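Report on the structure given below.
The first chain written gets the first letter, and so on, giving A, B, C, D and E; residue counts start at 1 in each chain.
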Amino acid sequence: ASGARPQADALRIVSVANVVAEAALTGLRTGRAALPGVGSVRISRARTPDELRAGLVGGQVDVAVLPSTAAANLAAKGVDVRVLGVLDQALLAGIGRTGAGTAPWEALRGATVDVAFRGDVTDVLTRLLARAGGLRPDVDVRFRYHAQLPEAVAEFAVGEADFAVLPEPSASLALLRAAEAGRPGTRFLDPAAEWRAATGSTSLPLMAVAVRGDLAARRPEVIRALQDHLRAATANAAASAEAVAAELQLPPQVVSELLGRGGTGFRTGVQARADLDVLYQRLLAHAPETIGGRLPGDGFGV
Amino acid sequence: MSERRGRRLRLSGAAVVGAAVLAGCWPAVAWQQPEILVPSPAETAAALLLLVESGELAAQLWTTLSRAAVGVAIGIAAGALWGLASASRRWIDEAGRPLRGLLLGLPPVIPAVLGTVWLGDAGAVAVLVVVVVTVPTAKVTVAEAARAIDADLLEMARVYRLPPAARLRHLQLPALVPALRSAASLCGAGGLRVAIMAELLVAPDGVGAAVAQARGNLATAEVFAWALVAVAAALVTDWLVARPARRGAASRAAEPVGAR
Amino acid sequence: MPAREGSPKQQDAETVLSLERVSVERGGRAVLSEVTAEVRGGEVLAVFGPSGAGKTSLLRVVAGLLAPSGGSVRTPPGRLGYAFAEHRLLPWRTVLQNVLIPLGRREGRTARERALSLLDEFGVGGTADRRPAELSGGMRQRVALVRALVVRPALLLADEPLSAVDRQARRSAAAAARRHLGGAAALWVTHDPEEAAAVAERALLIGTGGRARLVPTSRLGSA
Amino acid sequence: MSERRGRRLRLSGAAVVGAAVLAGCWPAVAWQQPEILVPSPAETAAALLLLVESGELAAQLWTTLSRAAVGVAIGIAAGALWGLASASRRWIDEAGRPLRGLLLGLPPVIPAVLGTVWLGDAGAVAVLVVVVVTVPTAKVTVAEAARAIDADLLEMARVYRLPPAARLRHLQLPALVPALRSAASLCGAGGLRVAIMAELLVAPDGVGAAVAQARGNLATAEVFAWALVAVAAALVTDWLVARPARRGAASRAAEPVGAR
Amino acid sequence: MPAREGSPKQQDAETVLSLERVSVERGGRAVLSEVTAEVRGGEVLAVFGPSGAGKTSLLRVVAGLLAPSGGSVRTPPGRLGYAFAEHRLLPWRTVLQNVLIPLGRREGRTARERALSLLDEFGVGGTADRRPAELSGGMRQRVALVRALVVRPALLLADEPLSAVDRQARRSAAAAARRHLGGAAALWVTHDPEEAAAVAERALLIGTGGRARLVPTSRLGSA
C-alpha cells in the first residue's frame, strides 16, 4: 500500500523515546549533520512500538528506532523490515537500597522486586537472569507488577519498594528522586553484564534501528550513510547530552550521567545478528509472543 | 398473538441485519490490510480460541467484570441519589457543581495516582476509576430527568403530603424510568469499557492489562479478540437492561392504532 | 369592598376556613381583590364565576400553592383533599393505587374497602385495576374526586370536579360527595348552577373585576 | 428583585463552599505524601505557572480543546439524530443495537489503532475516539427521552399533519431540552477527558501527550497542573451549558410559591 | 340496529362524513356497536351520551387514531381540526404560536391576523403572547378550539371543547364556532344540551350499550 511517494529523497525516521537514540539522532534533527543522497530528514517520536507499525506497513515511516523485540515481532508478522543496526547501551538496571555487593542475586533472596509490566521483555529477562543466578522466581524472589512504568518508579522513589528492575532512564530517574526524598539507592545489578555472563554473547541488544525492506534493497547507499552517521554519533553521544535532555524533557544530570558512563555504541545489523539471535532464541523459548513466535529469517540484519 | 410474534421475529431480524452489516465491514477492511494492522475474522477467532483454551479469558474477564459491576453499582446508586437531591434543592446542585466538574474533567490518571496512594490495591483503584466515571453520568441524567418531572404531579404529592418514601416510590422512580434506563444502559455497558481502560492505566491484571500486553507484543489479533469479548459483554449487558424496558413498552402500546 | 356573609344558617358548626381580604396577582396582573369569606365545618361553598375570573387561583391560595398578594387565609388542621381540574392521577399506577396512595400505610389497609365502595358510588366501580389512560375523561375526573374524599379531608377543594361528566352522573356524584364530606369544609368550583345547588347553599360569585360576593346557589341559575 | 439577587448570591456561595471543601481535601492529603506522589497546592501552582509562562499550556490546551470540540459536536449531532430515529422506528432501534454495543463496549485502543491505519493523522484519531465515545451517550440519552415525549402531543402533531421539520422544531426539540442538556453536559465536559485519554494513547501532542510526558518524568506536580487545567476547562464547559438552562428554569419558576 | 337519518334538511350540501356500522373495542371491551351516521358539509352533528359511553372513542376512530373493530368510515379530503378534551397545547410555545403551528409556512403569514381575530372572538384576545400554563383552564380550551378552526378544516372534531367555560362564554363561543365552520362537517361532543342545541340541529345519542341513535338536539334537554 506504499504507492507513489511524493518526496523520494525525504527520509522519515520515527523513534521511541530513548536517550541513546535521541543522542544519535540529534545531529540530524538539528540539521547540523546531513546524510549523503538524502534530501531531507524528518524525525518524530512515538510513545510505543504499537504506534509505529501502521507507519511501517503503510510506508509513512522509513526508519524506526524501536525495541529489538518489536523489530523481530514485526518481521514475524510479515512486515518487511530489516535491522540496520543496534544501539548498544545499558538499557536495563537493577536498583535497590542495598550497597552494591558482589552477589546481587543473594541480596534478592526472599525479597520482592518491582517490575513494570507482567510478561514484557524486562520481566522475562529478569526471570531468566534470576534463574541463572540461582534463584527460583516466585519462590526465592517475588515480583510485583505495575500497569505503568511511572508507578514502579514512584514506588521505589518514595520507599514503597526496595528493589526494582527498570529500563533507563526510568531507573536513573528513580534513583534521583529517591535521593531527593532522602532514601538513596544504588544500581546493584547490571542485567547486561549478567546476560553476557550467562549467555556468552557480547551484548544485550535491546534497542534496534529498523528500516523498511524495500528501502534497504533499493537504496543501500542511504543505509550505509545512516549507519555511518549513527556509529559516529553514538561514539560521541555524551556531547549531545544537553540537547537530548531538552528534547526528552529529562533532568540534565540524568542524561549526562547515562551518556557519560560509556558503553554506548552502534553495530550494524550484520555485526549484531549473532547477539540478536541469542536474545531471540531465549525469548522464543520462554516468551515467544514477545517476538511474534518466530525467529527472523536470513537477511534480517543489514 | 401470532401477529405479535411475527413482529418480534422481524425486529430481531433487523438486529441480525445490523450485526451482519457490521460484521461484513470487518473482512472487507481486513482484506486489504496485513494481519498486524487489521486481523481477519479467522485470525481473530484463532486468537480467541487460544484465550478460551488457556483459561486466560475466563480469569481476566471475571476480574474485570466484577470490578466493573461493583464500580457501576456504586456509581449509579450514588449518582442517582445525588441527581435527585440536586433536582430538589438548588443549593445542593450548586454546592455539587465543583465536584461534578472535578469528576467530569479529571483525567483518569489522577484518580489512578491518588488511588494507588490511598487504596494500595490496584483492583480497588480500577473500581474507583469506574465509580468516578459513572457517578457524573448517572447524576446528570437523573437530575435533568428529575427536573423534568411533571410539576403538576409533584404539586399533587405536596398537597396530599406524601412522605418522601412514597413520593420516591410512586412518583419519582416511575417518572425517572427512562432516565434510569439510559443511565443503566450507558453505565452498564460503558462501565466495562471504563474498567478495561482503568486496568490499562493502573492494574496489573484484568482484561485491560491483557490488552496492554497484547498491544506491547504487537499481537493485534489478540487485541481484537479481547475487543470482541468486551463488545459481546456490552451487548449482553445492553440486552439485560433493555429486556424489562421492552416489556414495559409493549404493555403500554397494547392498543392497536390503525391507519386512517 | 369585602364580601359579607350571606347565609342565614350558622348556628351549630363553627367557622374552620376563613379568607380575609385575600388579594391575588398572577403574572403581574391583579386577579382577585380583597375576597372575604368564611366556611363552617360540614359546609360547602360553591365558587362561581366566568372563565379566567380567578376561581382556580383562589383554590391554589387556600391550598398554600400560591402566595396571596394581600390578606390572610386560615385553614382547618388536618388533611387536605384537592380534586384538581386536570385530575393529576399517576399514569403508572392503577385507579385503586392512585386513590390509596395519599393514605398512610396502616390506614391504607382499612381504607381499601372504603375506596372501592366510594369508586362504586361514583359510578367508576369496575375500574379499580385499570390505569388512568384506560378511562374516559369523565371517569378520570370522578376517580380524582374519590381520591380527594378518601383521605377524609378536613378541607376539600374541588375544581370543576364534574365538568366532563354527563348530567345524570353529575347529579348523583354531587349528592354522593355531599354525603361523604363529613365535617369538612369545602370550596367547590363549578360552571353549572344545578351542580352548585346540589352541593352548596351559598356560592362565592367572583366577578371579572376580581371582586367576590356571596349569593345563595338558588339564584345562580339566572346568571 | 433584590431578593432574587440575594438568592443568587447565596447559591454561588454554595458553589464556593463546595469548591472550598474539595480544595481543602487536597493539602490535607498532600501534607502526608511526598511530592512525587501527591504534590502540594504550592508545588502544583509553581508547575502551572511554568506551563503558562512557556506558552506550553495555551498551545497544548488549544490543540486538545479543538479536537474535543470537533469530536463532541459531531458525536452529539450524530447521536441525537440516531436517537430520534431509534425512538420513532423500532426496526432502526433494533438494527442499530449491534453498532451501539460495539461503540459502548469497544476499548478505545481499538479505534485508536484502526484510526491510525485509516486516518494516519494522530489528531484525527483523537477526534475519532471522542466521537466514538460521545455518540452512544447522546444516542441513548436522546432516544430514551424521545420515547418519553408526551404521547398526547405526538398524536396532536399527527392529527394536524405537522411536517417532520415542524414536528422536530416545535415538539421534539423543546421536549428533548433536558435530555439534550444532559447529553451536552456529559459529553461537553467528558469529551475533553476522552480527548486527553486518546492523546495519552496515541497522539504526539496535546494535553494528553503532555501528561504522558510529565508522568514519564515523574513530574507529578506537572501532571496535577494539567489535571487542574482539565477540571477548570470542564467547569467552564459545564457553566456554559448550564447557563441557558438556568435562565429557562428561572422564567418557569417566575411565580412565587408561598408556604401554607 | 343501525341509526337512521333523523333530520329533514338535506337538500343542498352533500354527505362528506359517513360512518357505516362502526364498532369499536377498547381494552378488549366492546364500546361502540354498529354506529351509522352521515354528516353533510357545513353541518355539525352533536355527540351526546353518558360518560364512558364511547364519544371520545368515536372521534378517535374518525380521526384515524383508533382502528374500528368493524364497519367503515369515510372522511372528506382536506384538513382535520381536532379540539382534544385535554387541549394538548405545546407548553413551550405561546398561544399564538400554538394556533399557527398547524398551518404551513406561507399560510402562516396571512393567517396571523385571522388567528388573532379568532382568539378575540372566543374571548381570549389578550393572551396571544402568553404560554398555555399562564391561562385558566377555560381559556386553554378555547385556544385549542381556535387552533382547530384556524386551519379551515374540512372536518372538525371537538371533544367537549367548552366544558370548562362559563355558560355565557360557552354560548358565545358555540355561536362563533358555528359561524367559522364554513363548509366543514363537524362532530361536537358535549354534555350540555344547551350547547348542543347552539351548534347542531341533530345529535348522535350514544347509549351505555354502545348503540347510537340520531335525535334532534332540541330534545336533549329532557335527558
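As a convention for this text, a contact is a pair of C-beta atoms (placed from the backbone, for glycine too) under 8 Å apart; a residue touches a chain by one contact, two chains touch by 3 or more.
Here is each chain with its UniProt name: B, D = ABC sulfonate transport system, permease protein; C, E = ABC transporter domain-containing protein.
Remember, it's a predicted structure, so these values are computed and weren't measured experimentally.
Any chain bridging chain A and chain B, meaning touching each of them, is among D; the list is complete. Of all chain pairs in this entry, the one linked by the most C-beta contacts is B-D.
Among the other chains, the CA centroid farthest from that of chain E is the one of A.
In this assembly, the chain whose C-alpha centre lies farthest from chain C is A.
Work out the mean CA point of chain C and of chain D, and you get 48 Å between them. Separating the centre of chain A from that of chain D, both taken as means of CA atoms, is a distance of 39 Å. The mean-CA centres of chain A and chain E are about 84 angstrom from one another, to the nearest whole unit. Across the assembly, chain D contributes residues 37, 113, 117, 215, 220 that each touch 2 or more other chains.
Shown for chain A are the residues in touch with two or more other chains, namely 50, 54, 148.
Residue positions 26-27, 63, 65, 86 of chain C are each in touch with at least two other chains. Chain D contributes residues 152-153, 155-156, 158-163, 166, 170-171, 174 to its touches with chain E in the complex. Against chain C, the residues of chain E that register as touching in their complex are 26-27, 49-52, 55-56, 85-86, 123, 130, 134-139, 142, 159-160, 163-170, 191, 193, 223.
Of all residues in chain B, those touching chain A in their complex are 32-37, 113, 116, 122, 199-205, 208-209, 212-213, 215-220.
Within the complex formed with chain D, the residues of chain A that make contact are 17, 44-47, 50-51, 54, 58, 60, 148-150, 153-154, 157-158, 170, 173-174, 177, 181, 249-251.
The touching residues of chain B, when paired with chain D in their complex, are 10-12, 14-15, 17-19, 22, 33, 37-38, 90-92, 94-102, 104-110, 113-114, 116-118, 136-137, 140-141, 143-145, 147-148, 178-179, 181-182, 185-186, 189-190, 192-193, 196-197, 200, 208, 211, 215, 220, 223-224, 226-227, 230-235, 238, 249.
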